[in-house]
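A, B, C and D label the chains in the order they appear, each numbered from 1.
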Amino acid sequence: MQSLRGTGVALVTPFQADHSVDFDAFARLIEYNLANGVNYLVVNGTTGESVTTTAEEKKQLLAFAKKQIAGRVPLVYGIGGNNTQAVIDLIKNADLAGVDALLSVSPYYNKPSQEGIYLHYTAVADASPVPVILYNVPGRTGSNVMAATTLRLAQHPSIIGIKEASGNMEQCMAIVQDKPEGFLVISGEDMLTVPMISIGMDGIISVLANAFPARFSRMTKLAMDDDFHEAGALQRSFLAINPLMYEEGNPVGVKFALEQAGICGAYVRLPLAPASDSLKERIKASSIGLEN
Amino acid sequence: MQSLRGTGVALVTPFQADHSVDFDAFARLIEYNLANGVNYLVVNGTTGESVTTTAEEKKQLLAFAKKQIAGRVPLVYGIGGNNTQAVIDLIKNADLAGVDALLSVSPYYNKPSQEGIYLHYTAVADASPVPVILYNVPGRTGSNVMAATTLRLAQHPSIIGIKEASGNMEQCMAIVQDKPEGFLVISGEDMLTVPMISIGMDGIISVLANAFPARFSRMTKLAMDDDFHEAGALQRSFLAINPLMYEEGNPVGVKFALEQAGICGAYVRLPLAPASDSLKERIKASSIGLEN
Amino acid sequence: MQSLRGTGVALVTPFQADHSVDFDAFARLIEYNLANGVNYLVVNGTTGESVTTTAEEKKQLLAFAKKQIAGRVPLVYGIGGNNTQAVIDLIKNADLAGVDALLSVSPYYNKPSQEGIYLHYTAVADASPVPVILYNVPGRTGSNVMAATTLRLAQHPSIIGIKEASGNMEQCMAIVQDKPEGFLVISGEDMLTVPMISIGMDGIISVLANAFPARFSRMTKLAMDDDFHEAGALQRSFLAINPLMYEEGNPVGVKFALEQAGICGAYVRLPLAPASDSLKERIKASSIGLEN
Amino acid sequence: MQSLRGTGVALVTPFQADHSVDFDAFARLIEYNLANGVNYLVVNGTTGESVTTTAEEKKQLLAFAKKQIAGRVPLVYGIGGNNTQAVIDLIKNADLAGVDALLSVSPYYNKPSQEGIYLHYTAVADASPVPVILYNVPGRTGSNVMAATTLRLAQHPSIIGIKEASGNMEQCMAIVQDKPEGFLVISGEDMLTVPMISIGMDGIISVLANAFPARFSRMTKLAMDDDFHEAGALQRSFLAINPLMYEEGNPVGVKFALEQAGICGAYVRLPLAPASDSLKERIKASSIGLEN
C-alpha cells in the first residue's frame, strides 16, 4: 500500500470550552493539513484523545472525517486496546467503509508475552475487514513488540505495517531487513523521522505535523527523495519544540500550538490538564520560524 | 484504617476451560487465603484480570466475594482507569456497600502531568462513597506518581493510602516521612515487602500470596513485628519463584501455581496466553518448599 | 570477620587550598568518626579521591591512617582497577601490614564478561596478602557483577565479602541467600542501609557518615539490633541531603558538609569542580538537625 | 579538518600467545584497513585495549603506527582519563609529532559535574600541542557530556570535534545544530552510523571496520554521498554481528573476527577473557557475506 508512505498525521480531536467536540475546528484542522502537503490522516489515535472520547463521539468523528476528507488522501482509523475481545467487538461495531487501514496499539498495562501479543493481533486482524497497522509504543504500554513478533505477524495477509515508537533503531532495522515486500515500517517518533527513513523506513505518523504540516511534510519528502542534507536541517529545526509536546502529556502541547495557529482551542479532557503558563511561553518561543 | 495493614491479596479471577468465571474455584481461593492468615482481599485488581472481565462479571464477582468473605476480613475493590469521567461512572454504577476501600490505578498509557494526576484522583475521590487507595505502578502505566503528588492527594479526606509499585525506595520513604497520620503506604512489589516495612511501610498487596498465603503472610507479620531476621529469610525464599510470576505476564504464572495447588485452573484470557511448558517446569521446581 | 559489620566510613582525603593533602584535617576526620561510634574506616576509596591522589600520597595516607587509628577499629584500604596486572602490582608494592582488608572495585570502563570479572578477582585475591572485599557499583563502572559471579568468587579463601552498590535488592538477596557462612554483604548505598540490613546484609560503607557519623552509625546499629522503627526514621531523615552528595560528583558534597562541620576544607581535585553556590545553600539547609 | 570525515578505525592492538604486542600483525591490520578504503586510523583507543597496555608499549605502538602509515591517512591517538593532571602529564610525555589529533575520553567512574567536565577538557586542550577530539560514551563512563557542555567546549581553539557514543540522537542533533563551522560530530556507535550521517554528522570511529573495512567504509561513503538506499542496506547487514562484538566485552569479539580473517590472533589481556565457544560460533556464522 504505497499510499501510506510519507507524512501521516495523528489528528487531535478539537474540543470547545465545554469540552464537547468542536467539529468546525476539526474541519479546519483537516483542511489545514491537506493544504500543506501531508500524505494521509489518522483519526482516533492516541493524539486524538481516543482514551477519553465516547463511543458515540468516535462514530461521529469518523463519519465527519470521511466526509470532509472525501477521498483526497487515505484515512487511517485507530482501534486498539488491551482486551482482545473488546477490540474485536469495537471493530465489528464500527463502520469501516472508506477506512483505508486500522491503527491498533499493542496491549498496554497488562504486559502480555510475545506469544500473547501474537495471538492478540492475529485475532484482531482476523476480525478486521480492512488492513491493520500494528503500533508499538513501549513507553506508553509498558511492553515491547519484539522484531521477531512483528515479522511473524507480518505474514498475516491483513497486517500491512507497523508504527514503531520504541526509539530502538536496531529493532527497526531488524524489521526492515526481513520484512515482506511492501510491509510498511513507519516511525512513531517525530524526532527520529529522518534517521529512520535513512535506514529504509517508510515515513512517519506525526504529532508535530498537526501544527507544522508544511515544514514537517517537506522534511519527510526530502528524506524519502534522498536529499538528507536539507531533510536533516529541517529535522534539527524541531529540536526545541518537540519535547514540549510531551512535557505535560500529549496532546496538551500540540493543542496549544494549534491554538496559537488559530486552528482550534487548546482544551483537553481529564486526566490531561491544560498547559501550564510556563509551557505555553516556551511553546510560543519555540514555534517561531516553524510555520513554513 | 488499621485493618488494611499486613498482607492483602490481589485475588486472581479463576476461569473454567471455556473461559467463563469459575465461581466455585473463586470460593476455594478465598477460603484458602483466609485459612492461611492473610489480612484482607482485593477483588478486581490487575491480577484479577480486571482488564478482560466484563461489567456484568465484575458485578457478579464483587457480589460473590462480599457474600463469601462475609466480613471476616476487609474487602478492597479495584476501579481505576485512564479516562477520568469513565472511572467516575464506574464508581457511580457499582454497588460499593460492604466495600472497605477502592484501589484505583493511576492513568496508564496517556501519561498525564502531575497536575493531571492530581486532578484525576481528586475527581475520583470526590465521586467515591468509600475510601480510595492510590496505585502507582510506572512499569505498567508509563507514568510515575511523584511523592509530592501523593502527599498532596493524601490531604483529601477520602484518600487513605497508596499501593506503591515503583520499586523506588527513596520515593516510598519520602511519602512515609511526610504523610498524614494513618495514611497507608503499601508495597506493590512482593520482593520488596520486607525492605519496605523496614522503612515504615504498612504491608503489601500481593500476587504471590494467592498461591503461598501461609508463608507470605507469616513473612509480612514477622516484619511488622520487628523480627527481621526470620522475615528476611522468608523474603529470600521467594527469590526463585517471583520473576516467574511476571515472565509471561501476570497472572499467567500465579494461576499455574494455583493450579498446582489444586485451587483453580490456569486459564487466562487474551491477550494473555497460557504458560509455556518451560515456564511451567520452572514454576513447579521453584514452588517446592513454599507451601508453608 | 565480624569486625567489619556495622558502619564503615569511606573517608574523604582532605586537601589544603593548594590541593596538597591536609594531614591535620585527616587526623581530625578520623578522630571525629571514631568519637562518634563508627565501626571501621576505609582509606583510599572512591570517596577518598583515589582516582586523583598520587602513588606517593597514597603511601603517606595509608601510613598516617594506620598510626592515627592505632588499631582502635579495623582499617580497610582501597586498591582496585580495570587493568588486572596493574592492580596486582599495586598490591605487591603496598605496605599492607596492619590493613584488615582490601576493598577492590570491579573493572570500570572496559566492561569485561562475567568470566573476565571472575578471572580478574581471582588473580587479585591470589596476589593479596590480606582479605579482599569486592565492590560492585554499576552506575560508575558500566558493568554489573552478577550474584552468580559474586557467589563463585565467595569460594576463594581470601575473598571475604562484597560492597554492593547496584541498588538491586533482589541481587543482594540472592547473594545473602547462598553465600558461605561469614561472607560479608555490605551496602554501598547510604539510603538503602536499613532496607538492606532488613534482608540480612551486614551494614554499610558510607559516604554520609563522614559528616554525620553519630546519627548514621546509630541508625545502622539500631537496624542490626532489629529496632527498625527507630532505624527507619533515621534513614528517612537523610532523604533530603543524600542526593546533594552526588549532584555535582562525590565527594564534592560531603566535603562541603565537612567544611560546615569544621573538619576540613571543601577542596577537590579536577575533574571534580568545587560545589556551586546553589548546592552549598541546599546542603546547609538539609544538614540542619543531622548533627546528632 | 576535513580529513577526519568518513570512516575512522579504532584499531585493535594485536597480541601474541604470550600476550606481548604482535607488531607484525599490527602492520597487517593497518595495511588491511588502508587497502580497503578507510579514511583514518585511531591508535590506543579503547578498542586498542589502551587500559591494559603499558606506557612503554603505547610509545612503541605509536611510533610503529606513524612509520607504517607514513602519512597515507591521518593518525588519531588516544589519551584520556579521569585524573586531569595525569592526562596532562601523559600528553606532555608523548611524542605527538605526526599525530593529527588526540581522542580523549571524558572522565569515567568519578562522575564529575558538567562544570568539572568543562574544566577538565579545557585543561587538557590547553596542554595539548595537537587538536583534541572529545569522546562521550556514557555506557562506559557512567557520565554524560551534555550537548551544552560540548558546544561550550567547541569554542576552544584546540577542540575540533566529538566522538558521540551516547546513542542519543537528539543530543547529537543539538550539537550539529549549534556547532561552529567545521567542528566534527562523529558517531561512536557502528549501528548508528548511517542514521547519524542522515542528520548531519561526519562519519564514524568504528570497531567493526577493523575486520570488515571494505563494507564498512563503503557504507559510510555512500551515506555521506547521500545514497541512503544502498547505505541503509549495508547498515542493516551488520545487524547480526554487531551485538556479538560487545557481548563479552570489546575487543574480544572483533579480535576473534580478525583471527578468522587471518589478520591477528584473538588474544586479549585481563580483565578481558577470551571469547567463549558459543560466541565464536555465532561470530563465524554472522561474518558470512560481510567480507566485501
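FYI, a residue touches a chain if its C-beta (ideal position, glycine included) is under 8 Å from a C-beta of that chain, and two chains touch if they have at least 3 such contacts.
Just so we're on the same page, UniProt names per chain: A, B, C, D = 4-hydroxy-tetrahydrodipicolinate synthase.
As the structure is a computational prediction, the values presented were derived from the model and not from experiment.
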item: Rigid-body rotation angle, chain B and chain A, from Cα fit (steps of 5°); value: 180
item: Same or different residue numbers at the chain B/chain C copy interface, by half rule; value: same
item: Cα-centroid distance, chain A relative to chain B, in whole angstrom; value: 34
item: Chain A-chain C separation of Cα centroids, rounded to whole Å; value: 50
item: Chain A and chain D, separation of their C-alpha mean positions in angstrom; value: 38
item: In chain D, residues with contacts to at least two other chains; value: none
item: Chain A to chain B touching residues, read off their complex; value: 46, 49, 51-52, 82-86, 107-113, 115-117, 119-120, 123, 139-142, 246-250, 252, 269-273, 276
item: Complex contacts: residues of chain B adjacent to chain C; value: 169-170, 173-174, 176-177, 191-192, 194-200, 223, 226-229, 231-233, 235-237, 239, 242
